[in-house]
């Protein structure tokens, strides 16, 4: 599977009065990392791939995280993101955040592939296009 | 002019490693206070008044703020919000944030009234409805 | 166990371009709900109970969430928060977010009770005070 | 004066249900740009320069902004940041955000240089070190 790595600078604004990352920010990082994985796999920006695949996003069904080592403002952390399972219309994404080489935070997301439902303006699950599956699967 | 007051609890998540409010959060407070002023004046929630007046919002044109006294997590602050000037299709909003009776932060916003532009799907300025002007002007 | 309920208005600023809550915001809500549960159980504000129990917070060890029904700006949702397990120096918190009576989002947190470590200025786990256990356990 | 430029990708999480940047985010960008200007001028990261100059930060006294062109998720914008005036213990910072070459948002900040006040644990204004003035003034 394709693994995309990003270096993220922990900003002052991501930290709380204890001087460590306010944990909901990790989900903001992870969300951006999922988008970056798709951008790299599909060779398009997010606005472009939403249009190209006529799809409405990949809303989260569930998420699990473990917080092992605290991170602080000024830290440059590395996040490795990859797909761990691809199903017909849903998939799992793994994020592993490293601080100086040590695993600091781990996140696992289950997401569904959705398209706009012309009938009612809402969204409904749809099969992940074969082309997308192939591009995400490349090592 | 109508003045709307809100008590806001400064949350842990609004504060930075210095233990004081991370200042962009004040704009989040102010934005919510502007919405609350309109909700009270029009007697509708924001989703309801967007629909009722077929309007697309009141984007910010400019803002000015002064930061006089720092606020900390656990503080309960009071924000007084009022319209200071109503023009044909724009208006000024004043926010005064008090900590234990002392003026701590002051914000002034200039906003425009916009509607969806059917021609291109964008937005364009529109006159503020007379009914809205009257309701905001009541003391 | 004590259950604390909070009504939270989904704000415009909590929603993304799809018009639904940007999911990291749920963790901001949940974090505030955990603080509110402790405030109610201990009869003190968070700054007060941090001081009273000479404790440094309850950092998150892990979290799990399920997203069942999307919520939108203007929704008033109800979050029920309670402790589901109390151990010597860690505990589990459950958050159940309801939209018009239906379970929309579920969150489970495992947190540790920590005190400042005088030796090195860091933090270390400590037993949850018996008094705190009793207050959280009251129905 | 030294001008520091940053390219910032407008993230999905920075945008509201209207699909445009939720304006308090601009202040988060600007705050990070001020830190980046100092990092470049002083050749240190923010945690390093806080320590090196025994200083506690540069809290905001006032800010003014103009919002000229909306920006949307997926936009890559360029922000030019520079000092426009240096006084004894305060200074002005200008941020100009460009979208495809056009000025989209403008921000002006007045900040004070503060040090920890040993007497009471608070902060107090202090003269900007001559070395810092020289480094910020280099073109």
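A, B, C and D are the chain letters, set down in written order, and residue numbers restart from 1 in every chain.
One rule holds for everything that comes next: a contact is a pair of C-beta atoms (placed from the backbone, for glycine too) under 8 Å apart; a residue touches a chain by one contact, two chains touch by 3 or more.
The structure displayed is predicted, hence computed values, not measured ones.
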Exercise. Could you pull out the chain whose C-alpha mean position is farthest off from that of chain C?
Key: D
Self-check item: Of B-C and A-C, pair with higher C-beta contact tally
Solution: A-C
Practice problem: Could you give the separation in Å between the centres of chain B and chain C, each centre being the mean of its C-alpha atoms? | Solution: 29
Quiz item: Where the centres are mean C-alpha positions, what is the separation of chain A from chain B, in Å?
Solution: 33
Quiz item: Distance-wise, how many Å sit between the C-alpha centres of chain A and chain C, to the nearest whole number?
Solution: 24
Quiz prompt | Multi-chain contact residues (two or more partners), chain D | solution = 12-13, 18, 22, 24, 28, 31, 73
Self-check item: chain C - residues contacting chain B, complex
Solution: 11-13, 28, 31-32, 35, 45-48, 72-74
Practice problem: Please give the residue numbers of chain B that touch chain A in the complex, ascending. | Solution: 12-13, 15-19, 22, 24, 73
Quiz item: Within the complex, which stretch of chain A touches chain C?
Solution: 18, 20, 23-25, 27-28, 31, 56-57, 59-67, 70
